[in-house]
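First subunit A sits with subunit B, and in the next complex the same chain sits with subunit C.
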Partner chain A sequence: MRTILAAAGILVIAALPLVAPWLQFVLTLAVAKGFAALGVAVLLRAGLISIGHAMFFAASAYGVTFLARLGVNDFAVLLAVSVLAAAAVGAIVGSFLVRYRAIFFAMLNLAVSMVFYALCAKLYGVTGGTDGMPVPIPTIFGISLGEAAFKQVLFYVSLMLIVIVGAAVHRYLDSPLGHALSAVHTNEIRLEYLGIPVWAVLLIAYVISAALAGLGGAIAGFAIGRVVPDFAFWTASGHLVLVAVLGGIGGVPGAFIGAFFLELLHSAAVTVTDAWNLVVGAALIIVIMFLPRGFYGFFEREKASAL
Partner chain B sequence: MKPAILETKDIHVAFNGVKAADGVNLRVGEGEFLAVIGPNGSGKTTLLNICTGYIKPQSGRVCLEGKDITRLGPRAIARRGVARAFQIPQLFSDQRVIDNMMLALAAKDGLWSAIRPLETEARHQEATRLLELVGLADDAKRISRTLPEGHRKLLDIAVAMALKPRLLLLDEPTSGVSVLERFPLMEALMAALRQARITALFVEHDMEVVARYANRVLVWNAGQIMAEGRPDDVFSDARVLERVVGVA
Partner chain C sequence: MKRIGLSAVALTIGLAAAWPAAAQEKPDALGLGIFTFTSGPAAAYGMPGKNAADLMIEQINAKGGIGGVPVSATYVDEAQGAQGVIAEYRRLAADAKNQVMVAALSSANCLALAPIAEQLEIPTVGWNCDTHQLLTDGKSKYVFRPNGNTVPEFIAYAIYLLDRKPDVKTVAIINPDYAFGHDAATIFKAALKALKPDVEVVAELYPKLGSPNYQTEISRLTTAHPDVVFSNLWGGDLENFVRQASPRGLFRSSQVILALGETVLQRVDLPEGVIVGVLGDGWWMSPDAKANPETAAFVAAYKARFGEYPVFPSIKMANTLIYVKAAYQAAMQKNGGKWPTRAEIAEAMKASKVATLTGTTETRADNDGLVDQIVGVTVKSPDHPFPVIGQMVRYKGDKLMPQAGQDPIGWISTLTPEFAKSLPKPGSYK
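Entry: the complex of A and B
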């Protein structure tokens, strides 16, 4: 049932730009943020809140521009290499951070991401400073496309990636490693006594979450056509946590549901009032109060009896 | 004498000057079911903590099948075939009973062969068999935090059993278990241990359980072994009766 609902949801989203073309950009951004929020949600399953994942989002988008400068111009290669770069940064940062828990983990992620933000903003010669850098339109299998055509392809490729990457993440979460990740939240002592290395479980999760944030960042970079240091600012990281919690961490679709909801709400609110933050904030309060497990909590099948 | 599976050699541990282990030499023979009894606070659980690497002795050595494991942590010792059930059950409380079991079985299989889902047919069958052994088969789909304390204790034992250990350390396996369930549990546990040729060391306060099931009893008092031997001999020792059993 949930699979049918998910498929129907994706088909509706795929059809929306045919009715309202301006929605294509909004929805592409939502997909990008959905991937990054999914990365945050992966760590949330272990009870770890990262307020720094926008760093990987930005690192990947900058990676695309650097690779383009080096002459790499193929969309698939740019996407794959920039995601790998984000994963590599995640492996380096994660190897230090997975030793920490609770507020320390959250704050250290924030601190590292703000160092990254400062570097992006200050190293003008390398990153273009606060002006950022343009993200060129790549070729797709050697074919050069105009901007409009490329962004249309980007949108549908992004939707396709939701299915492919979403299935892979679902598989991971349902594997022994995924269950061990959830178990970190409840009992690290038992995990150690089962012979399971908690640090390795967390490091793998951290790298996966960084790669997901990186995938989102690359898509956002292509969609916007520019990457700026604000991609890595702490409010962007906070936004990703918000999307993940709003959508629900019980399953892969949650992050995307949260992202689509927030982006569409934001787009609708700005047409009504300048105080769009007020509308978005009020909506969030309502959702969090009445849906503590997020939107996805609606669709979660009760796997276990609590009788 | 049967070859030793676990030995401690002159181990010393003190907490703020209070001796929890004071030059203890302990030997657990293969296939034994060794009971450790003693007053509250005498250091029995500390002994299990030392044997599983949770606490490092200030001096002395711990050997598993002749190999020094003194400086190893719980994970490394678990990988060498030592499993533990705790006085306070250590479970994945947000997960289902069956998932607790299957994660333990997956840990035994090797967590890194992780492409397949946690729930495989083989794991499900083995988990169900172990849950039947401890009488929890009907609770398989419950979230483990919703179990009554006695059943949580049984699940903790089943999780430890799932590792198919060479040596099983049980910290008060029958505490919290109802009187009606206590002896059936011990009978089933003993049968499973014999069948799987698992050596066991258990800390216990219920002297009836100790008398009925232990091959050998070790009396722990103030960080030292006060007496040891067959249950009949130990329970006829006047010092043991006075200080541990509480019968003067």
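Entry: the complex of A and C
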């Protein structure tokens, strides 16, 4: 039932740009943020809130531009290498951050990400400062496409990635490693006594979540065509947490539902009023008040009744 | 019978004449996407632009619109950041009614939108963004900037300063910590180095954009005791800085240059003798502006509606809309009165020379605009409760611009003191 719903959802999203072509950009961006929010959601399973995941998002987007500057011009290579770069940054940062819990974990993530933000904004000669750097249009397996065609390919590739990466993350969360995350949340000491190294469990989760944020960042970089330090700003990190909570952390689709909802709501609100922040904020309050388990809560309940 | 036959012939001819005109239907409204900051701290700069756009569009429509078609604007808030701005740009572009985008205020947003403008083939007119990186490749077909760029804007201050204070030895810089502040510092320093190599930069401070407190920076500036303090702070930042620096005597101990000082003349009490300018020619009280009845009417209407005189961002916006209107008129003249396509409008913008409220803007081969630069110092005015700009100079736009495609900083280093001597002197523009 839920698989059918998810498939239908993706088909609807795939068809939307045929009706309104400008939505393609909004939806690509939503997919990108969905991946990053999924990364945040993975850590939320273990009760760890990261207010710094925009760093990995930005690291990967900057990675794309640096690689492009070095002459790498293939979409798949750029995507893969920049995701690996984000994962590598995640491994380094994670190796000491996963020793912390609760507010300390959140704040240290925030701190590290803001150092990264400051570097992006200040290293004017390297990163272009606040004006950022352009992301060129890459070739796809040697075929060079026009900008419009590339953006279309990017959109459908990222939708495919939702299915592939989404399934992989689902498997991961359902594996012993994934279940260990919730166990960390409930009783960490018992886990250690069972012989499961909490540090390793969390580090693996951290690296996976950094890679997911990196995947989102690379997609966003390609879609926007320019990388600016604002990608790494703490409000962007907060936005990702919001998307994850809004969508619900019960399952993989939650992050994407949250991202699509928030991006479309934003797009609708800005067309109505200058006080678009107010509309977005009010909608969030309503969702949080009445759907404490996020949008994904709907589908979870359905599962329970089907059993 | 004969009469009927005649009228039948007349009707046929009339119909035949009317038929093609009906085929190139004019739309019921001409849509413009106008991008500016309408929320957040940058709205201090963006709202005067929006106000001017409102007023200008009203005035254009009162005179029958552009080619008989009323203008309707959709405003986009740049405070959403590049992602939201791009999404809105694409949405507006999808509607064929929206033929021209007036975008944007922020240089980062202009840089982000430029490739999309080229891809979607929509004439996009930068009304304020002035980074010299925007049009450097010279390949832009659809991105225009009648507003000019950072290079002439900040060289003008160096030249004016050396005319007014030829014996300057030490300079300190306090600019906002983002690309605009760093670019301005680079250009100003390069110009000083070329024109008077012995000038020493004793402090370079880059406070965060939106800082409420400048006490530390002011302490640094007063202890460094430079002959000159240069700043391109703007908006609320500039107001805060002036309010905090005034009582601490910074304006007495150093010659201060506030590159965007004109925007706060009506809001804070600037002492006399501060070098200020308008990053272009958009000073509503300049001799050229005063001589233009259209400008006087615009200023009076602006003051009546918004309770303040326009500041240069307002004039930049108004001039940009005049530029867009002129492009429509030129395009329609060229194609015989038909309603122009987006491509025809862009074509009409190329190499155009448009009379604005405060001067002219000339679009050169790389689509960058040549506008004059007005610089002066604050002086008391018998007519207004706030200081105005006196001792003005008006540098010709083409004099201070590198050739299209030339590296701007490299070009600045080729300037000589003799070149500066050949330019008009402070006080010559009256």
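Methods note: the second predicted complex is superposed on the first by the 300 of 307 C-alpha atoms of A that agree within 3 Å, B and C clash if a C-alpha of one lies under 4 Å from a C-alpha of the other, contacts with A are read in each partner's own complex, and residues count from 1 in each chain.
By our rule, contacts are C-beta pairs under 8 Å (C-beta built on N, C-alpha and C of every residue); 3 or more make two chains touch, one makes a residue touch a chain.
Given the structure is predicted, the values throughout are model-derived calculations rather than measurements.
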| item | value |
| --- | --- |
| Overlay on subunit A: subunit C relative to subunit B, clash or fit | fit |
| First, second, both or neither for A:Ile196, with subunit B first and subunit C second | first |
| Vertex subunit A angle, Cα centres of subunit C and subunit B, expressed to the nearest 10 degrees | 150 |
| Subunit B versus subunit C as contact partner of A:Leu123, first or second or both or neither | neither |
| Touching partner for A:Arg171 - first (subunit B), second (subunit C), both, neither | first |
| Contact breadth on subunit A, by residue count: subunit C or subunit B | C |
| Touching partner for A:Ala76 - first (subunit B), second (subunit C), both, neither | neither |
| Subunit B versus subunit C as contact partner of A:His179, first or second or both or neither | first |
| Touching partner for A:Gly225 - first (subunit B), second (subunit C), both, neither | second |
| Nearest Cα pair across subunit B and subunit C, whole Å | 37 |
| Subunit B/subunit C common contact set on subunit A | none |
| Residue ranges of subunit B touching subunit A (in the complex, touch as defined) | 52, 73-76, 78-79, 83-84, 90-96, 99, 102-104, 106-109, 111-112, 114-119, 141-143, 146, 159-160, 163 |
| Subunit A-facing residues of subunit C, complex | 38-39, 75-77, 80-84, 86-88, 90-91, 93-94, 107-108, 111-112, 115-116, 119, 131, 133, 177-179, 182 |
| Complex contact set, residues of subunit A against subunit C | 20-26, 29, 121-122, 124, 128-132, 134, 146-148, 220, 224-226, 228, 230, 263, 266-267, 270-271, 274-277 |
| Touching residues (chain side subunit A, partner subunit B) in the complex | 171-172, 174-180, 182-183, 185-187, 189-190, 192-197, 201, 303-307 |
